[in-house]
Amino acid sequence: MAEELLLTQAETVEEQPNSTILEIRNLNFSYGDNLALKNINMDIYRNRITALIGPSGCGKSTFLRCLNRMNDLIPGTRVEGEVFLNGKNIYDKDIDPVRLRRSVGMVFQQPNPFPKSIYENVAYGPKMFGVRNRLALREIAEKSLQQAALWEEVDGRLQTGALSLSGGQQQRLCIARTIAVEPEIILMDEPASALDPIATMKIEELMRHLAETYTIVIVTHNMQQASRVSDYTAFFMVDENRSGYMVEYGKTQDIFIQPQNKQTEDYISGRFG
Amino acid sequence: MIGYTRRQARTDITRKAVLEAAGDNILKETVKGHLFTGFCVVATLFGIVSLAALLVYVFWDAVGWLDWQFVTSTPSRFAEKAGVYPMIVGSIFVVALVAAFSLPLGVGAAVWLEEYSRDNWLKRGIEMNIANLAGVPSIVYGLLGLGFFVSTLGIPHGIVLVGAFTLTLRVLPIVIVSSQEAIRAVPTSHRHASLGLGTTRWQMIRTVVLPQSIPGIMTGTILALANAMGETAPLIMIGAATSIFTAPKGIFSSFSALPLQIYAWSDFPKQEFQHGVTPAAIIVLLIILLSMNGIAIYIRHRFRTKKTK
Amino acid sequence: MLEKGRAIPPFLFIRNSFVISCCRKMKVNQQNDSLAKRPGRYLGENTMKGIFTACALLSIITTAGIILVLIFDAAEFFRNVSIFQFLTHTRWSPTIKPTEFGVLPLISGTLTFTFCTALIALPVGLLAAIYLSEYAGDRVRSIIKPALEVLAGIPTVVYGYFALVYITPLLRRIFPGISTFNVLSASIVVAIMIIPTVASISEDAMRAVPNSLRLAGYGLGVTKFQVSTTIVLPAALSGIVSSFILGISRAIGETMAVTIAGGNLSRIVNPLKPAEAFLEPIQTMTAAMVEIGTSDVTGDSVAYKSLFAIGLTLFLLTLVLNIISQFIKSRYREKYE
């Protein structure tokens, strides 16, 4: 039986109209008395890769964690402002953060697979959500590992421990684990910073493919990575009071070739940071 | 670029459908979570609340029976006349001897382990051995006392000296381990400072390590002695009397101890004993233990805040 | 400061040259002493080192002593009573004629008591550990943990008394047919005593699980209950199992509580009848030893020697358990990254 190959087209950014998936309005975030994020306003577009760049300590990771309410796990934090996911404010009283995190997944800087088998890692999310059917779980695991470009390397040894994989493989496993629960958005906090250049390259390739299905927001301190991989870039800075704010946001090409703001230009040309 | 086959595209839809079909289990999981937390809290408080209740019971029963007469009389079949004086003396006497024996032996072993030994099989073997000794049931120490000190060495059974020897061996592992921790807590930089000035190892230990670790050693030892104060089975094995009318006069006197008397009296079914005399004896024992623990905690706090100044 | 060209006052000159010549003398003395080791100097050192080594070796001597005493005296026992009778007969009667020395009832008693204790102490200890590790804030922990330590500090005699005088009457309200001496009340109090051991070792194991694993779980949209039970618990499993084995070992060696509250009726327990098993009196190995120790048997009698046979069995049992616990702890220590 001849198999038809459906080629997905990497449609260019200009051709497809943008639809907004996340709207951040007047977001202020404090750790206790310290204002860590000041008045952030931006839109994140569906199926695009948005990069957050800036010198270290300017709140990029904190901002990322605001988008899936992981900051709620830290005691003493306070959020003002709104984050609208598909029109609904995620900080509303009646929103369950647990449910939110099923829609907004996260990949961390250090790969953190569970000390279980590869299969158990990927099947973990769906299992916890109540999927009992073994066949369905296997399907989900296989699909997720394929999408994370890890399937060929682990097929046949799904029962071996996840910790036996290399760093780059572990990170791709974490990505597979995240996409197994079918989130709408994947947040990535410097996902390749702990990896060697070849593993980094594989992750960057992967991101492009993932963007066809998911929306990706990535924090990176590597400007070249941002310019290679992202469609939109936001540049963050920290002011005299150690509060982070957004300096400029726009299409990656615009930011890197014709930045509007002098600070952006200085950072990009390496004059500081 | 990923190539999708038609078949793969179909299973793509299945994945989402499966996840949705699994239903929304967040509510169920949250309820489960709250129930579980409830169980955990109950479990945590179970022991504490139970013990508190038991202590209230025993204290309530002891009120009225615990008075100066009780503490200064000798045991008797008659509840009003019964007292625990010889037992108090016996307990304190034995534990004092245990302190005198176990401190030098225990601290000595700890010093060897921390300062003199190399990290080789001998050291690890000894440490594992000490860990095992800590887990040996205390009645077996009684058998050791009986079989070695009494039978082999010929020391008469049931006298203070044998009791002290036996209990020393029982608490030695605890003293060694807590002394080790106290010695380990002394910063290496202090050791190097001393050795760098040209002192010998023993001088360094004597003048730098030991003085700084004394509070920790004392705390650990006092807690070990409190343990010894409550020990019953080893003393039974070495022939200590469960009840005696005279307080021990010397290390070769027969003796009895508070826990032994409590054990003996637990057999007396008369109401005045079960809900009067024996609770009073228990309270006396608990007061002594409380004081010892209190001293240990005080030492720990006093010398901890002193260090941070 | 001596400036070049400036004239030095005479007295200063004399003082300086005096100081300089003293220094030279000291230096000469030191050089005469040299760095060579002097004979008497290290004698004290070596003596002290020898003393400390002896102290450390004492622990080995103690273990050897225990083993030797148990083996020798048990061997004397087995000269009179065959090992076969010891291990297979179902009646234990050391002093009452007809005397019989079958250890099975004692082992049955110990196992029943330990099982009942573990049934209470292990789950409760584990749940408490989960609470302390995953749910409790620092302030709560700083109050609860010392409170739990108090549980372990109460002498077992006192616990035995509590079981007999306070717990059994309470149990009688639930199980009217319960006998005065029974397994259940002794198990309850010994469980209370063991809970701190299980809880603190398990809690340490759980706190050692890196937080990044919990964050991974939360990031997937999983509840706290699920994170605690499906991520943290399995990751800390070896420490938890080790704590369980330690708790069981302590229950096996427990003496006074079960002697006072459990009675002294040696019998083989029928595992198919739990009511009969737990609500009736029992005699454990340790209680049997106390019975012999408090009876008036003479030093050369077989009954006296049987003490050591039981002691040997008990010692081997707890030793094996403790070694297994240490083995599990070290061999299966989880690697998280």
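Should a chain be cited, it is by its letter among A, B and C, assigned in written order, with residues numbered from 1 in that chain.
Throughout what follows, contacts are C-beta pairs under 8 Å (C-beta built on N, C-alpha and C of every residue); 3 or more make two chains touch, one makes a residue touch a chain.
Computed from a predicted model, the values in this text were never measured in an experiment.
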{"item": "Greatest separation from chain A - chain, by CA centre", "value": "B"}
{"item": "Chain pair with the most C-beta contacts", "value": "B-C"}
{"item": "Separation of chain A from chain B, taking each centre as the mean of its C-alpha atoms, in whole Å", "value": "52"}
{"item": "Rounded Å distance between chain A and chain C, as computed from the means of their C-alpha atoms", "value": "49"}
{"item": "Rounded Å distance between chain B and chain C, as computed from the means of their C-alpha atoms", "value": "9"}
{"item": "Where chain C touches two or more other chains at once, by residue number", "value": "223, 226"}
{"item": "Residues of chain A touching at least two other chains", "value": "98-99, 128-129, 181"}
{"item": "Sites on chain B at which at least two other chains make contact", "value": "26, 29-30"}
{"item": "Of chain C, residues touching chain B in the complex", "value": "41-42, 44-45, 48-49, 51-60, 62-63, 65-66, 69-70, 72-73, 123-128, 130-132, 135-136, 144, 147-148, 150-151, 153-158, 160-162, 164-167, 188, 192, 195-196, 199, 223-226, 229, 246, 249-250, 252-256, 259-260, 286, 289-290, 293-294, 299, 307-308, 311, 314-315, 318-319, 321-323, 326"}
{"item": "Complex contacts: residues of chain A adjacent to chain B", "value": "3-8, 10, 96, 98-99, 126, 128-133, 136, 139-140, 143, 146-147, 181-182, 209"}
{"item": "Of chain B, residues touching chain C in the complex", "value": "26, 29-30, 32-33, 36-37, 39-44, 46-48, 50-51, 54, 57-58, 104-109, 111-113, 115-117, 125-126, 128-133, 135-144, 146-148, 151-152, 169, 172-173, 176, 200-202, 226-227, 229-233, 236-237, 239, 242, 259, 262-263, 266, 274-275, 278, 282, 285-286, 289, 293"}
{"item": "Complex contact set, residues of chain C against chain A", "value": "210, 212-213, 215-223, 226, 230-231, 234-235, 334-337"}
{"item": "Interface residues, chain B side, partner chain A - complex", "value": "1-9, 11-12, 14-16, 18-19, 22-23, 25-26, 28-30"}
